[in-house]
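For reference, the structure I am asking about is given below.
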Amino acid sequence: MRASNAGIEFAPDGQVIVGPEFRALEAAWIEGVAAMARAGARVIVDEVFLGGTESQKRWLKALGDLRVLWVGVRCDSAIAAGREVARGDRVIGMAADQAEAVHRGIVYDLEVDTTRTESLECARAIAAQAG
Amino acid sequence: MRASNAGIEFAPDGQVIVGPEFRALEAAWIEGVAAMARAGARVIVDEVFLGGTESQKRWLKALGDLRVLWVGVRCDSAIAAGREVARGDRVIGMAADQAEAVHRGIVYDLEVDTTRTESLECARAIAAQAG
Amino acid sequence: MRASNAGIEFAPDGQVIVGPEFRALEAAWIEGVAAMARAGARVIVDEVFLGGTESQKRWLKALGDLRVLWVGVRCDSAIAAGREVARGDRVIGMAADQAEAVHRGIVYDLEVDTTRTESLECARAIAAQAG
Amino acid sequence: MRASNAGIEFAPDGQVIVGPEFRALEAAWIEGVAAMARAGARVIVDEVFLGGTESQKRWLKALGDLRVLWVGVRCDSAIAAGREVARGDRVIGMAADQAEAVHRGIVYDLEVDTTRTESLECARAIAAQAG
């Protein structure tokens, strides 16, 4: 995927550029995950939407009438950028770039905010809804 | 999966015991991988067959008429046991237990043997056939 | 170290038991780290004191007149226990067991509290003092 | 170390360039490891000598009269290059570049060759000598 610019590229400033080969593989991936859920597996997908409404539509279409809980995991942009630095292994700039952008145009059933809420508390809120 | 004995259990002697919950999830997994391949993705599955013919049949049924290259990756039992020790993070006994057993009743299109052949040479032989 | 009970043992309830072999190796480790600092390296040691004053004394003795900044990194016990669960790869019980205990009898130059302060902010407070 | 060219740099062709800051830290590291051994710890150092006789001399000087078993771990250059590819996470070219070079001018008590000998067999030969 990274050997050709038809695949995926991570720019030094944290931008992510994807080409047609990535899209084709992504579509196959989504189909497969939907098939797993349809076959009875309970699946958690951790996804980052860089294309707004269009990105979510790709999943909605493949998931059809499967029961889905859409959870938005938010974090204040400055705090996310600080955590990116603290992790020590990230492309700096990606967190600030994405903190707001990934939620634009996305519709959720539930939102949690990790800015000041512990991961476990967020997980509990999600588990309560996932029933 | 490991919290209940209906899931999967790794015995201290390297034996692996699986229950009904594991089987259900495995079936969903196989369905999903087949769906990915059907949607155009080229997929490599690295599988260890502990149930012989029955294990392979589960995949054959789900894969249907997809083009598949079945590759057997063999290794002499004593050598495999030595590599298991050298890795330092394995349940000792699993390699010897499985070296022969995982191939019993399985039908391959191609077999490679890592006992005395380098990984890269094995990979090249497989790539040549995968075309 | 874990093959003999003269070494180190992690009990299922999160307790840590160390024997004479561990102590001997620990002493050699401390000597070596002190020698590195004495030779000019700037070293960060991330240590968990399970033996209070005695534990700190082992280091104080070996470090002699080296310039050291002692930093206590605290976290509320309940919050630490939650993060332990969220990490998913820890022996549950260790965090609650240690949150208070590791600070008993230890003297610091500076203390930070990660309960409600971001890692990067804590790091900045430490860097400011480390000059 | 990688933020300045006084530290260490990995060229795209597998070459490694080190500067004065790296040398100073390396010296402190060697001092510390020697101090650990002197304090009674049995230490295994896995080192790659890029500077021939000079590189080994740095260690010899610091180790003084400590009992040391010098082991050369060899691998045919072409085989090493193939394993580098198979690992998937290495800078390609480093193995071929170093396979011969790292042994030039180095004096060993024992040599093992992983080209056609299993790791465990090599380990056993070393353990037998380390007594």
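The first chain written gets the first letter, and so on, giving A, B, C and D; residue counts start at 1 in each chain.
We take it that a residue touches a chain if its C-beta (ideal position, glycine included) is under 8 Å from a C-beta of that chain, and two chains touch if they have at least 3 such contacts.
Remember, it's a predicted structure, so these values are computed and weren't measured experimentally.
Each step here moves to a touching chain, and the least such steps from chain B to chain D number 1.
Its C-alpha atoms fitted onto chain D, chain C is found rotated by 180°, rounded in steps of 5. With respect to chain C, maximal separation of chain centres occurs for B (centres as means of Cα atoms). Measuring from the averaged C-alpha position of chain A to that of chain B gives a distance of 30 Å. Centre-to-centre spacing of chain B and chain C amounts to 42 Å, using the average Cα coordinate of each chain.
Each chain gets one centre point, the mean of its Cα atoms, and the points for chain A and chain C are 35 Å apart. If each chain is drawn as a node and touching chains are joined, the picture is one closed loop, every chain linked to exactly two others.
You'll find the chains touch as A-B, A-C, B-D, C-D.
Against chain A, in their complex, chain C makes its touches with residues 79, 82-83, 85-86, 116, 118-121, 123.
Across the complex, chain C meets chain D through its residues 24-25, 27-29, 31-41.
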